[in-house]
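Letters are used for the chains, namely A, B and C, taken in the order the chains are written, and counting of residues starts over at 1 for each.
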Amino acid sequence: MAAAEVDRVTPMFWGLFSAGGFVVAFLLPVFIFMNSLAYGLHVVPWEKVEYGGALRWIRGDPATALLGNTLGWLGGWLPKLFLVLIIGGGLFHGLHRFKYVLYDVGLHRAKKVLDPILYGIAAAGTVAAVVLAFSFP
Amino acid sequence: MAVETVRKPYVRQRSAWWWTKNPRYVLFQFRELSSVFVVLYAFLVLWQLWALRGGSDAYYAFLVMWYSRPMMALNAVILAFAILHSVTWFALTAKVPLFRIKGRPPPAALVIGANLAIWVALSLLIVKLLYGGF
Amino acid sequence: MADRGTKMIKLRISRYRPERSGEPFDQEFTIPYRDDMVVLDALNYIKDHIDPTLTYRWSCRMGICGSCGANVDGTPKLTCALYLRDLKKRPVLIEPLANFAVLKDLVVDIEPFMEKLEAAKPYIIRKDERPIERGEYRQTPEELELYRQQSLCINCMLCYSACPVYGHDEKFLGPAASALALRYELDSRDQGSEERLAAVATEHGIWQCTFVGECSVVCPKHVDPAGAIQQLKALAATRLMKAMLLPLAPR
């Protein structure tokens, strides 16, 4: 086999894929349940999901109350950080894996096109998540 | 190669349905497919944040859509794929020993069990810490 | 041929006779069968008693030479280690290993596999080669234990037949060659890590692997190539990170 060039790009995105894989595995199911299904299944009341409730959530009121005086300042950061982790981790994890799904259906010669598109979307989505999440008080 | 050959190697074409022939391949395809749903959910949450930025009316319109039957069904499917990802991910990470016990990689059952325990504990912690319980 | 009352078994074997036909075809054989017969025994019976042109590889009959692999009922198996009594389907379907070009009947072209093994630099690389008078490079049993699992490979190629990634990318380095690379990476006597990782961490190297895991399922020697590739990925990724974060550190 002819000596091929060392791939210096993929390992970085593989690292993000792996880190994102852990974030998604540990955090996403509970978030989907609480954010999408809990109200429909009558597990949480309307006050928690309507506009005011959502604003209180992203402001970190429950965490601030729970953490008390010494760590309360963390409360406001936690929901925003959580959202950025889920969205950024999910995008870098999911789009890397999706690239290999595309390879399998016959696009494995399109690496040079797929890489910038898919990782570009992941990066843009992560930036959007940071900007949006931290635009709330 | 200079050797003259009478060989006529026959290259077989793989069927597009190769993965249906083995249940482990089917599980693999579903595991990989979970990525589509994870990405989809990330975009849905971005949309949700955008609606929340839009103020009370915009967010109310979003919630009407969010808790409609088709959307609840879609979100249930996304949750199913997310759980599939979690379980398969824990099984996969057991194959990459991050540490060794007495020179040996930890047994897979231990790694998977520890991951599952952390998963449950973290989920409960998030419900308590971010949502103030149910 | 067989007495009345002898149990019979039907096998469907994929044949390819390049001098006669352009395409492979299936041929059925019904042969007398005993409970202690393995698939290779059935093939030998056919060759000895029915059709001497049936072509397949075999040598040791005891699961160590690695030459008798075939896809039996769709799964890559060593035919010498697979009892007919354990197969549920009739007729038993025997095909050449998947993902390789067929040369004749059950014989596949192993040349691409040999090239991949070579590409993984499967030998001890030294920076400081010692003169022979100074003796061998010593190793403790514990150091041997670190790579023993990956060193058990018998090059039977069942893992390549099971690998869907190799199925769509014939340039993919693949399971056995990667496991062999890790075997030398983990060898305390080796000093060629940088060179070897560079050879396998290429576009068609370890990064093509999507961790299907079927290679480790079919491996008759429990080498676990799937786990080996992920360990190589982790090694290559951490080395790259270190190189980027600490540009002045020795690599």
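Note that contacts are C-beta pairs under 8 Å (C-beta built on N, C-alpha and C of every residue); 3 or more make two chains touch, one makes a residue touch a chain.
The structure presented is a predicted model; accordingly, all values stated were derived computationally and were not measured.
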item	value
Busiest interface, counted in C-beta pairs	A-B
Geometric centre: closest chain by C-alpha means	B
Distance from chain C to chain A - Cα centre to Cα centre, in angstrom	39
Chain B-chain C separation of Cα centroids, rounded to whole Å	30
Centroid distance [mean C-alpha coordinates] between chain B and chain A, Å	12
For chain B, residues that touch 2 or more chains besides their own	32
Residues of chain C touching at least two other chains	164, 168, 210
Set of chain A residues in contact with two or more other chains	97, 100, 104
Residues of chain B touching chain C in the complex	6-12, 14, 18-19, 21-22, 24-25, 28, 32, 92, 95-97, 103-104
Residues of chain C defined as touching chain B within the complex	16, 18-19, 23-24, 74-75, 98-99, 101-103, 109, 142, 145-146, 164, 167-168, 210-214, 217, 224, 226-227, 230-231, 234
Interface residues, chain A side, partner chain B - complex	21-22, 24-40, 43-44, 48-51, 54-55, 57-58, 60-63, 65-66, 78-79, 82-83, 86-87, 90-91, 93-98, 100-101, 104, 125, 128-129, 132-133, 135-136
Contact footprint of chain A on chain B as seen in their complex	32-36, 38-39, 41-43, 45-46, 48-50, 52-53, 55-56, 59-60, 63, 66-67, 71-72, 75-76, 78-79, 82-83, 85-86, 89-90, 93, 115, 118-119, 122-123, 126-132, 134
Residues of chain A that touch chain C when the two form their complex	1, 3-8, 10-12, 14-15, 97, 100, 103-104, 106, 108, 111
